[in-house]
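As written, the chain order gives the labels A, B, C, D and E, with residue 1 at the start of each chain.
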């Protein structure tokens, strides 16, 4: 088995005197969907942001493809190392339109410096169409969209980035039934193309129908990781609530 | 049967040249939970905001307790008329702490003018405890909370307001399994105390287990309203997607 | 990304998961005022070393008295900034308040009537600012800049460009007299400071102002009467600017057309910002503003007393302003040191 | 809450549910520039009625030439504001750019070397502003205000308070000469304007700047190199301020210590804001800034030509500023009229 | 001459057009100069338009813009107060465009770009001020209050310092700047008097300093020990003389200055050689003030 696409080991994070993460570890593999679940405030988003380069871990290791990748000092670095992210708060620029938001950080250009607006809008429209999503004109400012429409734009942005590692923090929280199904389909496709998809979700139905593995966080610690086809819903809920005790501490690969 | 606590009739809303609502109508009764469902961008949040006084309808009527209540020009007016709201974007003030956020718009005072901080914090802690919610100290700034913790604060704020009409726009989108169940319990309690609860949600399980009626919006129009115990999940999904045709236009009370 | 593999040392971690609050000491230490006070002490030590006169009672009094103007004006300005607004017209309102009061005084109106009348005129200006911002949807800076220009012109026209004097002795005592050895202008500043501290920290109004500045949309949605708050803020900002102008007139015994203006606006805003009020709204304290105002006049005073050639004044002022805030950040980072 | 029971009239509704975009005409009509141009035309008509000289070619040229300074400076300032920053030091950088260039010129350095050297000095100041904001975490206004004070002192020390002249004729031609009847300073402004329009509207850099100003956190999270952008913005703002100073020196044939300063900063910021750039970041256009700059010098010019006594200047200026923006809002509201 | 413009309604065809770029149009002294100029221009059949920068403070940049605008509008003559060396070049540009240039309180001479200058330069103003102090019995220690070490303030400081060097009973204890901010006068003079308790005379070029300086002298109980040399009767100068906080006052016959300046400029325009004008500036004691005021001095 090759080195995991993404490996976290003993990650800790303090905000001032508040401890957000105590000991987070998991391995996400290429071609697999890895779900992270846990109570509110368990540290899921903080974990995602650390991998994304928004925060820096105070301790512990984050390895991409088994390599220590040195200091990732910013989200720009992380992006260069092949990581695309959908943040829980979506991180859209409200005054820019959908097309710009989708291309942000990777704007297409012509002649070296000119922004290729036509191509940008075409690509945005195509990605949205592929996602079977209706958000009106790609020139609509993101600030005018409904909650779900924004979320779709954020997901579409990550898809368009086409990176080997995708981190999705609650990508379906604001989505309707149909749109959630679409995003599920997209995630399946991403797995099929060999990407490592890490998805945070409270929707256990969604997790059970799309994820391969699930890691449960509780109070900033990894409780355990399970293969979805080997675990029951009750056990996962028990791990989330603390009814099931955490796995014995260990520092080797899980699952 | 008494006049509905909240009645909308032919409500239309334009944003510039964009039409957000074309014809929205429904009746919400005291002691009932009324769900509003629909695709992303269907106009659910816009409807809520119109009732809440944040937007003004361009046409149509909004009646509280069967009375034309004249121009509600602001959310402050709406609040005075007995409406409490949880917005989809939560509307928390990030630089204020949890206790302040929960009391916003209705801060307790002593001696006429002095802010009663002690009471405010005590009440906040009590409400949160009643909701069986763990967000740490009530003096934590809202900006430092996790997504779900914020949502809980917003819901707790509305509960603390204790108004006869409650509007909840996606109150469980960011919540975990346990917290969602808690909020479901709260909604049941609110109904039991005779409040009219209007809840927007994409979570049909949640809707089917807690709502009495459900109104489906599609492309800014009311497709129809059903009693939850008389309708199947497939029919509602069909109404959302357009597979089931809208009810014949009518202007009398529904259901 | 290996950040560190050092084993966790728990002893210096007061916190549990997601819990932990800072101790009272930490709370005091992390305040911006604390840094500013330290900077002030450093300047004081340096000045005393160069001139023993610095610590004389009359000099310290004179520092306090000159900070009164900035502070009174900055109180209203700070409240407005905390509420998410900005008032560029304050410098001209300062002049207007001084001139309209002094005009009445030289016409023989007794000061207990003239002062409220002068303030009322300026409150009306504040209301106009509010109306232009709210109903004509002009951004605050442009609206108040426009008011600034217009008032500057009106100030000149009203007085024909000449200072208004002599002022009755009774009025001059408003600032120049003293009670129990403390001069009246300082007492006025203390009263204003206490009032604003109370307003901001102990009333619903204060919380609402912070909410408005912190997230205007949330304030609207949560049912705050934002127009009323805005109106109150603009009127209060104008009132304190006018009061500062009145106190200044009483200090110098003249209604000066040339006092106020851009530089006064700038000084008040500097006191506000250096005192830790954020232009982003929501954050700030009256204590901070007080320390900021005193710091400004302390610097001016120390520069003269230490005999630093006046050509270097502005360099020193700039350096102190920047370093006071920079030091503040470094101090905090140390307190919350990363492991 | 009965809002209205009038039946819907569909004909004046171009939109489908959630769809509909505005027509090109509407797009032009709703732009703030359009209002400002209308205001300019109104002023022009009034001025022409009072003095035939207004429409003379030399007068119109003189309006344009005096707007060049504001505009060049405002371009960089606008970009910075769009990117969410603010530079209060611009007025002093203006002076520094002028003085350092002129110092070199009087020492005999030819202008094609002296000008880049002067600009380079100011770019370094921009970099310092960036560093203070970014690494010392000083809020932009305090950082640049500190720089403003320090540079003011340095400007004076370097020149001993005296203007620097005479400047070589070759350098004066940089602004005073003309090509095909268009004076060089106007050409420089056009070049700067085109460059900035291109940067803002047609490059990735421009989009990134808007994203940064629109939502800094999102810009960080989406992988923009925000430090680089910040650095570029502060350096560019300093460079345009310096270039404006250099052009001004060439226009008047002297490096003036008293040029620049607070009033120049204020004028540039006014041009930026009146031109529709939002202090909240993200929004604004170079066209708007250009119209804003020309409007300011048009007002100044018309005030002189119409013979309005100078005592009334500031009242008129204030009134025009506020009403231009207010009219803009009313116009838009009309276009998007509520039914 | 060109066609009339610039706010002229009275001036007929061919009347000479003069633009007066007033440094401080709302300031009483300067407004009076402007009015006297306008009267004289009317006498001479010329058409004088006045302009000036907005706001309270002297704004050399705005003045220079207006000089350039007047040049572009082909005025026959431009009159201004050259607030800095930099005016020389724009005045030369005006001359090159065929405009007659007149200045008040300028350096005059070839390099100044001025066809006709009136009023003393800063060196002689400094001598007048310091001379009057030196003429009083005893030793004198000056505290200087200037706007800044640039432009006007610097010219004045240089003039005063040069003059002090030539006396044997006057010294300078220290100087402070107010940045032309009236609100800084009180604290700065206070600090100056704290740092240099030996100061006997406060000297300034800004009338706006008067109230602050007077207040500082009184509140420190220095009445009769430290005096202000008042910079004109406005701003409370007369009152200060009356109550004894000021012992000397700088007075000028600004109206005559303005008229003579217009005469000179008109003469140059008509090809005549203008008359040399006597210096009309004086530092006087309390007893002479009223007499000069009655003669139109300020």
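In the analysis below, contacts are C-beta pairs under 8 Å (C-beta built on N, C-alpha and C of every residue); 3 or more make two chains touch, one makes a residue touch a chain.
Predicted model, so just to flag it, every value in this text is computed and none were measured.
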Suppose chain B were not there; which sets of chains would still be joined by touching? one piece
For chain A and chain E, what is the smallest step count along a path of chains that touch one another? 2
Please compute the C-alpha centroid of chain C, do the same for chain D, then give the distance between them in whole Å. 29
CA centroids of chain D and chain E: separation to the nearest Å works out as 34
In angstrom, rounded to a whole number, how far apart do the mean CA points of chain A and chain D lie? 42
Can you give the whole-Å distance between the Cα centres of chain B and chain D? 46
Sequence positions of chain A contacting 2 or more other chains: 18, 41, 136
Any chance you could list the residues of chain D touching two or more other chains? 18-19, 21, 156, 161, 263, 311, 313-314, 317
Among all residues of chain E, those touching at least two other chains are 26, 31, 54-55, 57, 149
Report the residues of chain C in contact with chain D in the complex, numbered from low to high. 132, 136-139, 141-143, 145-154, 156-157, 161, 262-263, 266, 270, 273-274, 278-279, 311-319, 321-322, 325-326, 329-330
Chain A partner, complex, touching residues on chain B are 15, 18, 38-41, 45, 88-89, 134-136, 144-149, 151-152, 170, 173-180, 202, 204, 237, 240-241
Which residues of chain E touch chain C once you look at their complex with the stated criterion? 26-28, 31, 54-57, 149, 174-177, 179-188, 190-192, 194-195, 208, 210-212, 214-215, 219-220, 234-236, 239
Residue set of chain D touching chain A in the complex reads 18-19, 21, 202-204, 206-208, 210-211, 214-215, 217-226, 282-283
Hey, which residues of chain C end up touching chain E in the complex? 51, 53, 56, 58-59, 62-63, 65-66, 69, 149, 152, 156, 160-163, 165-166, 176, 248, 251-254, 256-264, 267, 297, 300-301, 303-305, 307, 310-311, 313
